[in-house]
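Notes for the one structure printed next.
So that you can tell them apart, the chains are marked A, B and C in the order they are listed, and the count of residues begins at 1 in each.
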Amino acid sequence: MRRQLFDIWPVILLLLLWQLWVSAAGYSSIVLVSPGAVFSDLLHFPEAYLQPALRTLAFALGGLAIGMAAGLILAIAAWLSDFLAGITTPFALLLSATPVVCLIPIVARLFGYEARTELIAVAVMTFFPSFVLSAAGLRALPPMSSDVFQVLQASRWQTLRLLALPAALPQLATALRVGATYSVLVALVAEYLMQTGGLGTLFAVTMQQFHLARALGASLLAMALSVALYELTRAVEQSVLTHYR
Amino acid sequence: MATLALREVTRSFLRRTGSRGKQSFAALGPIDVQVPDGQFVALIGPSGCGKTTVLHLLAGLDEPTTGEVQINHQPPRELQAQHALGIAFQEHALLPWRTVEGNLRLPFEVAGLIPTKERISELIALVGLNGFEHARPAELSGGMRQRVAIARALALKPKLLLLDEPFGALDAVTRRRMNFELQRIWLESRPTTVMVTHSVEEAVLLADRILVLTERPGRLRIDTTVDFARPRPAALMRTPEFHRLADELTASLEPA
Amino acid sequence: MKPRSLFYALLGCLLLLGAWELLGRSGALGQTFPALSQVLSVYLDTPKRALLLRSAAATLGSAAIGYAAGAGAGAAVAVFAHLVPILRGGLDRMAVLVNALPVIALGPILIITAGREDTPAALAAVPVFFLLYISTGLGLRATSHRLDLMFTTLGATRWQRLIKLETVAALPSILSGMKIAAGSAMIGAIVGEWFGAPTGLGIVVLNSMQNFQIPLLWATVIVIAAITLTAYGLLTVAERAARRRIG
């Protein structure tokens, strides 16, 4: 416990340096704000942050759920059919090479500047780790197990349900963690570009208005959400992994 | 030259017992033994008796819980600092990214010396690996890698040579051949040597003196000299004297 | 790769390209889905090609600077943390957390500290720093125990151990981190440009999106994907070579 408290030192150090810099440089509040000003804004005007934060979180989680499901379903389809596996590979490869933030403008134009686009963007982004990792997980069977199932005359569906899917669980948990990490980022970028609400829009707008304390507050809140999701999904991943070893 | 002394040495470890407790777990000793310069000592004993621990203590890789380990009346770390220690493990511990030559140069580099081409060639010839200077460990057989490990251990003409089951990972035929190679190599400079082995025959063939340890915690059970003249030929292994000694020692390894 | 899988993959490529062309031409997915031929024609249009090349140079420049700075600093801090273990716990924790941050959220902070012009490079450097810190740290700790003991018996100093053993053994892991960092650097540079950089592929993406220049938008995104894929491919080759050599 003491170790964990000690380990926060870099964060404290950064906050201190930030505060010192602001005091020393004496910039006006349009150019730079102190950590104190940011925290004060967060504390005194929570209602300005709450709704956007909840919205971003909702879209991130919603898109994550859709993307994970789609990835898993396609991975199962690819597992059932070599043909499908073959033809989807170049598609998946091409899209995975594209930095996620660049796909968002394309998706935004395809589906319009609306709320559903944000959901689609997050779903598309979380689809890839889900697809790739699920496909790998379905194939990572314990040695000789597929032979056992063959001897038992198990059907394709039974093999899927009783062997491949449980075997894929650790990889799915990893996909969840990876997806969760990116989901908030994608939601933010989509909101920033399309101004559809949420924390991304809050900070685009407050940046333009030079209301720096609020912009940084939105930024910090987004970081907190991202980290919270990451920690949560990492804990899930760890427990799945230990359970399965 | 190196004289060794283990004075009333014990080594215990703390082991976690159950969920909360820690218990002291005696691995070795008390053990008291002195080794004069130039002697080849073989250390045998049942599994887990602490043979490797003795080697680690002599190498300065570990400290005794009680007692003293001295090499030339100094702690083993001194020998490390003088770069006068040569050790070969069962797993060769060669750097996979360096060639044979590169691996042989390593002890020199660490000691801040520059080896001459002649010295490197000498080492390679010593272990019979001519032509393999530029091969990497992955390209060599197990026996060849062990030979590189031994050559590396001898690179700086060490005062003390420690061998931890160096041929343990080899098949019987290669192992036998390597035994005679080691004898030939050792006779060139006769460093003080301590070799841990599971093979009684290997010990009788190579050593001047054999120490048998009891089961854990290992204590000295038998301390016997081997008087066969050197160099010892393969024919020796078929003589009744050889067999008698080997059988006695094997019997002593049975639980008391 | 099985010949049949390869065949399916090629078939998949052709189907993909064909479907793209047909869907675009027919307008079945709306005005905002261009046909393959429309996208390709952007590359053939001289002024647009010049724009793309100029912008690519600018973005690559920022990404490369950020990458070099981030990677160098990340590896250096990892070596430092390796030598001073008491600091490592806190740094590791922070590295993992910062790696989980949405890069766009760092934008305002970097504009203030680095200025609008340098934000793309700075935003590229931050994720690269943490990826390299993590992968270098992992690599340095991955040295085999047996080799470690051997170095002790040779009487090696801490510095000798670091240079001759640990950093070499760490190379495969470092290259693995560098491989992943390539994509992060590009993302950082592009998002950084959205905060007001003068030129760059990110700007072209933004403008073409806002001005409904759809073929240009797609063409630019493809260029970005191609650059990222090339960098990733080259680094993968390097990583494989290192793994073969170092084991």
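Definition applied: contacts are C-beta pairs under 8 Å (C-beta built on N, C-alpha and C of every residue); 3 or more make two chains touch, one makes a residue touch a chain.
Owing to the predicted nature of the structure, the values given are computational and were not obtained by experimental measurement.
Engineer: Name, by label, each chain that touches both members of the pair chain A and chain B.
Structural biologist: Chains that touch both chain A and chain B, as defined above, are C.
Engineer: Averaging the CA atoms per chain, pick out the one whose centre lands closest to the mean of every protein CA shown.
Structural biologist: Answer by centroid distance: C.
Engineer: By mean C-alpha coordinates, which chain is most distant from chain A?
Structural biologist: Centroid comparison gives B as the farthest chain from chain A.
Engineer: Pick out whichever of the two, A-C or B-C, is joined by more C-beta pairs in contact.
Structural biologist: Between A-C and B-C, contacts are more numerous in A-C.
Engineer: Centroid from C-alpha atoms only, then distance chain A to chain B, rounded to Å. What do you get?
Structural biologist: Centre separation, chain A to chain B: 55 Å.
Engineer: Rounded to a whole Å, what is the gap between the Cα centroids of chain B and chain C?
Structural biologist: Those two chain centres are 49 Å apart.
Engineer: In whole angstrom, what separates the CA-based centres of chain A and chain C?
Structural biologist: 18
Engineer: What residues on chain C touch chain A, complex-wise?
Structural biologist: 4-5, 7-9, 11-13, 15-16, 29-30, 32-33, 89-94, 97, 100-109, 112, 183, 186-187, 190-191, 194, 205-206, 208-209, 212, 214, 217-218, 220-221, 224-226, 228-229, 232
Engineer: In their shared complex, at which residues does chain B touch chain C?
Structural biologist: Contact set of chain B toward chain C: 59-61, 80-83, 85-87, 89, 91, 93, 95-97, 106-107, 109-111, 138, 162.
Engineer: For chain A, which residues count as touching chain C in their complex?
Structural biologist: Within the complex, chain A contacts chain C at residues 3, 6-11, 31-32, 82-83, 85-91, 94, 97-103, 105-106, 108-110, 181, 184-185, 188-189, 192-193, 200, 203, 207, 212, 215-216, 219-220, 222-223, 226-227, 230.
Engineer: If you look only at chain C, which of its residues touch chain B in the complex?
Structural biologist: 144, 146-147, 149-156, 160, 164-165, 168, 245-247
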